[in-house]
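In structure tokens below, several structures.
Note that subunit A is present in both complexes that follow, paired respectively with subunit B and with subunit C.
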Partner chain A sequence: MLERLRHPWSDNRAERTLGAVSLLVCALVVAMVVFVGIHAWPIFEHNGLSWLGSGGDLGRQLAAMQNTTQHPPPSAYHLRAWTLIYGTLLTTAGAVVLALAISIFSSIFIVELAPVRLRRIAIPVIRLLASVPSVIYGLIGILVLVPFVGNDLISTAQKESVQNVVELTGAGLSVTVVILTVMITPIMVALICEALVSVPNSWREGAVALGVNPVRAMLAVTLRAARPAIVAAAVLATARALGESIMISMVSGSRAFSPKPIDGLVFFFEPLRTLASGIVDYHEGIGAPALGSALYAWALLLLFSAFVLSIGGYLIKLPLRKYQVRG
Partner chain B sequence: MNRFRRLSLAFAVAGVVGVAAPAAASALSRITISGATASYPMVSLLAQKYIKTHPKKVSFKITQGGAQIGINDVAAGRVSIGDVSRDPVAADPPGLVFYPVAKYGICVITNKANPLANLSSAQVSSIFTGKTVSWSAVPGATASGPIDVISRTSVAGVLTNFQTLFLEGKKVSTKAAEEPSEGLMRAKVEGDPQAIGFVSNYQSDKGTVNAVGYNGVACNHENVKNGTYAGTARFYEVTKGKATGAASAFIGWIEKSAAAAKIINTQWLTI
Partner chain C sequence: MRPKGWEESVRLEGVERMLGRPPAMRGGRGKRSSPTTWRWVDRVALAFAWGAGIGLCLVAGAIVVYMAYRGVQYLRPELLVQRPAISTSQSGSGGFLDPLIGTALLTVIGILLAVPLAIGGALWIVEYGRPTWLARMVESSIEMVAGTPDIVIALFGLSLFQLSFMAPFSFKAEGGGVFGKSYIAAGAMMSLIALPPLFTATRDGLQAVPGHMREAAFALGKTRIATIRRVLLPSVRSNIATGITLGVSRIIGDTAIIVLLLGDSLRIDPQGGVPGLGVLRGTGSTLTSYVYNNSPAGEASAPQKAYAAAFVLLLFVLALNLLVDRIGRSQADATGLTVAGATV
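Here is the complex of A and B:
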């Protein structure tokens, strides 16, 4: 068997084998979506699409789902999960916008301005940072950042101003967004740096030769050429932020609450829960039929948003292809 | 012999060793356990002792994740025994048998900087259901400002027991943060001077948080043991149908042997 594998494969055989493998991957993805869909169905059956809306306290609804029998009545499936969707959108958008700004400027610095020696150290270190497991960020968050924000940044007056609605313990929106930003920035910097490096030097030199100053050339030529890579980096970072679960479960305050911008500064300290961290927090209850079905419905929504994201990323990149360089 | 052949020989040898090792181990009967984070320390101590007193008979695989995980795993036949830190409820799958093995205390805990000595049952109920919201309304508290109530997710066994024993079945306020495990609950109370929460007595005995007395009785091992502490709940070993084989022998040993009783009585209490 091993002896046969060593001989070069005929084209025909290689084609069929590789084709079968890639079909298998597609089949796995389809099977996964179908599996999650079947388990999530009872939620759609009893709520329609209105479970995406808001209404009532989510914590109470989930507790009611947990406390029914193995054959729950239709009323036990009542779910309004907008709080989780809102929390997911809020943290993801916040982190991606922050990370985008930071990573574009730091990539420009590393590629265009930093001395060669610094660049040689910086790029591998950033690659390394991109692969740090998220639970480590979660630990730093819960042991260092959450107590710091709770005890030093939030004043007693602020806590008292909202004490009838929500508790401010330090864990919440600000800590979540900050750590999420730190997590996704290295991925974006690594990708954008690669794209900036691969912009041909002659383009830049050409622009400078035409009398444009170097900073302008950087923004108008180099950065422009790297736009598809920036979009790709943002899509990848958004996917990671959307799916992040364990770190958010540790530092987000673990309460299904929608932070309200109308509360002013306090808004940034209010707790929240996202779709992915909700699945982690309630995974124990998957054996209770109604609660299990709710978890699968959240998972289906996350899968769906991943598809939307990759298609959206592709569509945005289409008109940017004009000046594309290989990133 | 070229390099490729040597490599494939190495893989073949590794493969044979890999297959042979589990085959040798399967001569032992294997007990798999999963479930409550609260009872995990006790069950792993018991399993270690059981292996010593019954050499070459059994091997254990113990994981933790929560009471509800234990229930799900044992009902689906993924493990032989589920660890559960709460009493049976209506939502449990049919056909499970609950064997009570130990009692434990549930302690109300506060931050070390707020060494509250005692709370009455009315005060505990008022704080956790969200009626009392400020430490200044709690006599004996050195903390000031709003109370941060920390709770567990609704699937936690300890939360179910806490609501039955301390709140007369009332629910913890929806304002409370919901932590997914005992460890995270303790970490949260350790880091927040205004926090109040609840854990099993094993977790509060580690000295990093302040265990609050309940109705004038301190939450410690002695008081759980002599029966004066009211917030006492039970750990169960759960099997699908009546326990059989190695699982039955292990549960029987926990229930009857003096060695097991000695271990249980270090931190918990025999039934």
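Here is the complex of A and C:
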């Protein structure tokens, strides 16, 4: 066997083997979509697309699903998961908007302003932030930020104002968004920095020669040229924020509750649950067919959004080539 | 320019390249314009930029310092060699030997499965790549894997390994159904997590090998596959090393797959009598699931143990980060060739 492997392969055979390996990757992706789709099907069969809508108490629906037998009646599949979708959209949007502001300014800092010595520190630091495992972020969130918010930021009056609806422990929207922002900022900074660096220096010099100050040149010329990259960075970061599960399950309070903006400041402290963190929270009940199917339906939705976002990111990045040709 | 995933971009190699060059604002001689004469919008923007940049560094610094403080406070050498035990008090619940072994096991399984897939795929795409539509499809499916949330991959793994003919890879639960949770199952899904960075690093390395090296090999009468083995693979060795390191750091940091595919037991729980295989078929834990289960969110709530394990995890991640930099730099010094797409 080994002797045969050591023997030089013919080109044809090598091409076929390597091609088969590559096809295996394709097959895996197809299998992933098919498997998740098959398991999610019962939810679509019994609810149509209306499970994306709102209605009823999600917690009670899921509890009913969990308590059914191996052959649940069709009524057990009733699901309205808008609460989770709303939670996902809320955390993702909040984090992406915050991260966008932070990352644009810190990219300007890294590329344009920072002295070489500071830059040498900043780049490894961003790499580090990007590679810290999400469970460590979650741990810091649940042991440091949640108690801090719960004890020091939320007043007793605020807790009492909503005590009949929901308990405010500190875990909730604000902590989730803050940590999520820290997690996705490095990705955006990296992509935006790369774009800023690739903008031809002569454009900047031209602007400065016309008499504007360097910061104005940066804002008016370089940032504008890098706009597609900024959007692409936001899209990639959105994809990452959507799929974050463990960290959110740790710090979001894990309650199927929709934070209501009408509650004023309390809104920021209200607990929530997202699609991905819902899967983690309910994974032990996956043996119950109805609940399992619901989890797979959420996964399918995540898969679909990731797919759409990756296509979107690709399309947005296309105009960047234009600048590279010109430069 | 190819669209890149964030794992590769986040290395910031393009930016690193211009490290030697002074920042744009500092260039040139003569009188620099002073911020005091600028419009206030520009001054605010300048302040924001400094604030954001330094703030980001401070946040990272605070995380590392805080984890180090807690780690030094709670990490005891004996924790590394004790097995976890079930106990109500934090002092009685043992250490994290099993999670450490579990992390190592999963890393090995994941990388062993990912390496042939990623390198084979990259070789085929760069060196053969016919028909073109198929090559594009392979590339986009890897991009799709890169964009898929780990929790979805975990659910996919669960559905795959709960098929009845997959029983040899895990074990049968009481009801006769396949449990679908084992080191093999988790490791197989980990290979999907490690696949994209490994693939991209190898592909970029292969593309950066100058065409004349291939032509020289062909002129000497080497076949394509011989060129790959004798010329191309040796010259992209350090790219592969970078890719593997990135893959390892993703594997050891992943929690969702562990929580779903490795069960909740903190101790390694072998299945069946065969010594080595039993462990692989059984459930257990890794550092990440140990941290998760010992945090207030998990069942075993023992924050001190969680801090200690998280500190060890963070040390691993830092070490891998340094390793990637070292590989990149040594490659650049040795050959002037490229690593992970960056022309040095």
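One rule holds in what follows: the second predicted complex is superposed on the first by the 289 of 327 C-alpha atoms of A that agree within 3 Å, B and C clash if a C-alpha of one lies under 4 Å from a C-alpha of the other, contacts with A are read in each partner's own complex, and residues count from 1 in each chain.
Methods note: a contact is a pair of C-beta atoms (placed from the backbone, for glycine too) under 8 Å apart; a residue touches a chain by one contact, two chains touch by 3 or more.
Bear in mind the structure is a predicted one, so any value in this text is a computation, not a measurement.
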Request  = Label the relationship between subunit B and subunit C on subunit A in the superposed model as either fit or clash.
outcome  = clash
Inquiry  = I'd like to know which partner A:Val280 touches here: subunit B for first, subunit C for second, both or neither.
reply    = both
Request  = Go through the superposed model and pick first if A:Asn151 touches only subunit B, second if only subunit C, both, or neither.
outcome  = first
Query = A:Gly253 contacts which: subunit B (first), subunit C (second), both, neither?
reply = first
Query = Looking at subunit A, which partner touches more of its residues: subunit C or subunit B?
reply = C
Ask   = Who does A:Arg60 touch here: subunit B (first), subunit C (second), both, or neither?
value = first
Which of subunit B and subunit C A:Ala95 touches, first, second, both or neither = neither
Request  = State whether A:Leu143 touches subunit B only (first), subunit C only (second), both chains, or neither.
outcome  = both
Key: Partner chain in contact with A:Leu242 - subunit B first, subunit C second, else both or neither   = second
Inquiry  = Let me test your reading of the model: by the given contact rule, A:Thr17 touches which partner, first (subunit B), second (subunit C), both or neither?
reply    = second
Task = Check whether A:Val166 is in contact with subunit B, with subunit C, with both or with neither, and answer first, second, both or neither.
result = first
Inquiry  = Which segment, 110-118, 146-154, 182-190 or 218-226, is the subunit B region that clashes with subunit C in the superposed model?
reply    = 182-190
Note = The intersection of the subunit A residues contacting subunit B with those contacting subunit C is 142-143, 249-250, 254, 280, 283-284, 286-287
Query = Tell me, which parts of subunit A touch subunit B in their complex?
reply = 2, 6, 57, 59-60, 62-63, 66-70, 142-143, 146-147, 150-151, 156, 159-160, 163-171, 249-250, 253-255, 271, 280-288, 291
Request  = Over in the complex, which subunit A residues touch subunit C? Could you list them?
outcome  = 8-11, 14-15, 17-19, 21-26, 28-29, 31-32, 35-36, 38-39, 101-103, 105-106, 108-116, 118-136, 138-140, 142-144, 182, 185-187, 189-191, 193-194, 197-198, 201, 204, 213-216, 218-219, 236-237, 239-240, 242-246, 249-250, 254, 276, 279-280, 283-284, 286-287, 295-296, 299, 302-303, 306-307, 309-310, 313-314, 317, 320-321, 324
Task = Mind listing the subunit B positions that touch subunit A in their complex?
result = 4, 8, 65-69, 71-72, 75-76, 89-94, 133-134, 144-146, 148-150, 153-156, 171, 174-180, 184, 187-188, 191-195
Remark   = The answer for subunit C against subunit A in the complex is residues 1, 3, 5-6, 9-12, 14-16, 18-20, 22-26, 33, 35, 37-39, 42, 45-46, 48-57, 59-61, 63-64, 66-67, 116-117, 120-121, 123-125, 127-128, 134-135, 137-138, 141-145, 147-153, 155-156, 158-160, 177, 192, 195, 223-226, 228, 249, 252-256, 259-260, 264, 288, 291-292, 295-297, 303, 306-307, 310, 313-314, 317-318, 320-321, 325
